[in-house]
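A short worksheet on the structure shown next.
Going by the order they are written in, the chains are A, B and C; count residues from 1 in each one.
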Amino acid sequence: MAEAKIRSRNLTLHYGNKMALDNVTLDIHAKQVTALIGPSGCGKSTFLRTLNRMNDLIPFVKISGEVLVDNYNIYEDKVDVVNLRKKIGMVFQKSNPFAKSVFENIAYGPKINGIKDKKKLTEIVEFSLQRAAIWDEVKDRLNDSALGLSGGQQQRLCIARTIAINPEIILMDEPASALDPISTSKIEELIFQLKTDYTIVIVTHNMQQAARVSDNTAFFYMGELVEFGRTKSIFTVPSKKQTEDYITGRFG
Amino acid sequence: MERHFEMELEKLNVRLKKMAGIVAIQVNSAMKALMEGDVELAKQIIEQDRKVDKLDNKIDKLCQRIFALSQPVATDLRFIMSSLKINNDLERMGDHAVGIAYKIETLIENREVISLLNLGEVVADLNKLMELMVAIIEQRNVNLVKEIFDLSTKIQFKLQTLSAKIIEEMAKKSEIIVVATNLMLILTQLERIEAYTTNIAESVVFIVEGKLVKHAKLVKENSEIIDFTENIEIGPDTRTHQEEEQ
Amino acid sequence: MRKMQKITGGLMVGVTTISVMLIIAIILVILVVIINGGKEYFSWEFLTAFPEDGMTKGGIFPAIYGTALLVLIMSVAAVPFGTITAIYLTEYARENSFLSRTIRFAIKTLAMVPSIIFGLFGLGFFIKFVGGGMDQAFLGGQLKWAQPNILWASLTMALLTLPVVIVSVEESLRTIPRELREASLALGATKWQTILRIILPGARSSILTGTILAISRGAGEVAPILFTGAAYYLATLPVSVSDQFMSLGYHIYIMSTQSSNVDQTLPIQFATTMVLLLLTFLLNFTAIIIRARLRRTK
């Protein structure tokens, strides 16, 4: 039985007066893909962002409960958020490469971490681009602007950029929702390969994608965790009617 | 405005119920023909089989289409998977009813064997079983499963007894061998019909509850019944893909 | 109905065309008058020589030098300060916090203040207060800093052009999508690293735009430097920040209102005006080129 890499315990989050997460208790297993599904506004993205404390950037956010990474509560006062984010990478819905060259984009993370040696940087860049299955497409264009790549390539670039900081966990917020089907399937294939080394949590509004790609699925509705289990069970024998209604498309 | 998908599911439901109804009638008719030696009825049964085959085809195609064009999950998925199985079982049942119909002609002479055997009870049981089968497909009521399993066990037992009796009679009077053999074959087909019915019941449980339930049975030679009703529950599976492959 | 629309449409086009042509015509007239008036005096010597004979002869080199120096020191003061303020407003301050609202109010007010007020402020604050204080503290009462010079004039001008820089930079900082900041933070960068490496490079061209606008104003405004450092005639060029300086705008003003022989200096006035226009144009042009280059390499 895989041990839980991340656990949330009674996590409740308010944006001002509005409750976005209601008492969520959930285990994310190491080196597996966990999908978060649910209708718009159900809290799945909010939950994802609590895992690397990106919600701290939003004013008037109140959080109670715990999020434990490797059994250590990341919401304790003395936690260094900047360091936390080096351990937990994030890929966003719309790819957001910096207005720099491909090389500089990937090298950004390591440079921030103090790696200056050119040789080491080049190694890291090559490794990351290969791991993200985009090396062949950009190896001759390392010094060209990253903005010149196609949408699908940019997103894989962002994944490579995250890999470059050597995280243990990768969070993905609807990574393929802005992409065409072929790019989407490339990203899904990539996720399959990446889970051997990283714990992955992916938010998706596309249920078939969740079904294809994940080992475990969590269904959120109105801020509550309704059901959590093995993906194949959720999609063949869900235990809650709400889950059944959502995945068969009868609501939401 | 009902979704297109739900209309397709309803279509499948209707066709399946129709199939069950037709096959049940086929079996009832076969029983009647057997009891009364009605060759005309037997001919009708054989004719009807074309209808059964056609419907079988239509149901298969519909399931295929739904799979390809929608991505059914959960109950819908289980329903369509099971529909294919149930459809298959019904079609086989129909085949066996036809098989019995073919033999009616050979049973016109030496009907005293039949009366000796007192087939009336088993026939009544089988007709009741057909009723239950149609009911469980229509209502998807898992409470009927126990009744079906019990009745099924009873029928198996009776068929076993009948079989032994026929062999006894054959040993006594060699001139009835043809009739007796045909009767034996008919009993086999009745047993198959009963077996398919329990399959169908199991499929319905799978639709409703997502559990695989198996009803296995062993009947020993000297009419002692050893009844294994295994309930293998396979609910939410917590093994990983890799663990499962091993 | 359609005909009415067509007529109004045509009328609009006509009116706007006439307005545009009018404006172009006015500009042309101004240019023609200036060039006509000053063309005989405009020469290389004019640009490089010192004025002679009570401004009736010679060149205006010191005015050119002074104006350029003024603009330079002003930019050095205004641009970094303005940029940092803009960064504070967009990156650090909470929306609608008291402090940020106060700052914005101050910027708006600053932009509305008439330029002569800046001159008075420069006199009272920089020269008398700061300068006086410096003289007391470092020179024991000797008079050095408590008088008009290019430093105070530049700083006064910097105050004038500050709002322009801040607004320009802030606008562009706001257009940098939030996702870029998030991406940087998600990679484990601190806020400051994000600003330094991602935000500032992205705002480069708008910082330059702000600078261009500031320079254009700074080169032309006269009121702020009236009592803070400009002089009509200096024999030497300013060599330290405590020196006074000559400026093109001021020069034209004095020449046309207070010189001893207005008629004789008329052609020089025109020529000086030409130079001022040319200088402004050149400064703008250079900055625009640099900005275009920056944009292309992005």
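Structural remarks
The working rule: a residue touches a chain if its C-beta (ideal position, glycine included) is under 8 Å from a C-beta of that chain, and two chains touch if they have at least 3 such contacts.
This structure is a prediction, so every number in the text was calculated from the model and none was measured.
Considering the contact criterion stated above, no chain is in touch with subunit A and with subunit B alike. Here the chain at the heart of the shown protein, by mean C-alpha position, is A.
Using the mean of the Cα atoms as each chain's centre, the chain most removed from subunit B is C.
Sorting all chain pairs by how many C-beta pairs they have in contact places A-C at the top. A separation of 51 Å divides the Cα centre of subunit A from that of subunit B. Here the CA centre of subunit B is 96 Å from the CA centre of subunit C.
Separating the centre of subunit A from that of subunit C, both taken as means of CA atoms, is a distance of 49 Å. In the complex of the two chains, the subunit C residues touching subunit A come out as 94-95, 177, 179-180, 182-190, 193, 197-198, 201-202, 298. The residues of subunit A lying in touch with subunit C in their complex are 52, 54, 57, 59, 82-83, 85-86, 89-90, 92, 94, 96, 98-99, 108-109, 112-113, 145, 158, 161-162, 165.
Those residues of subunit B whose C-beta lies close enough to touch subunit A in the complex are 3, 5, 71-78, 209-210, 235-238, 240-241.
Residues of subunit A that touch subunit B in their complex: 1-2, 32, 207-208, 211, 215, 229-230, 232-233, 235-239, 243-244, 247-249.
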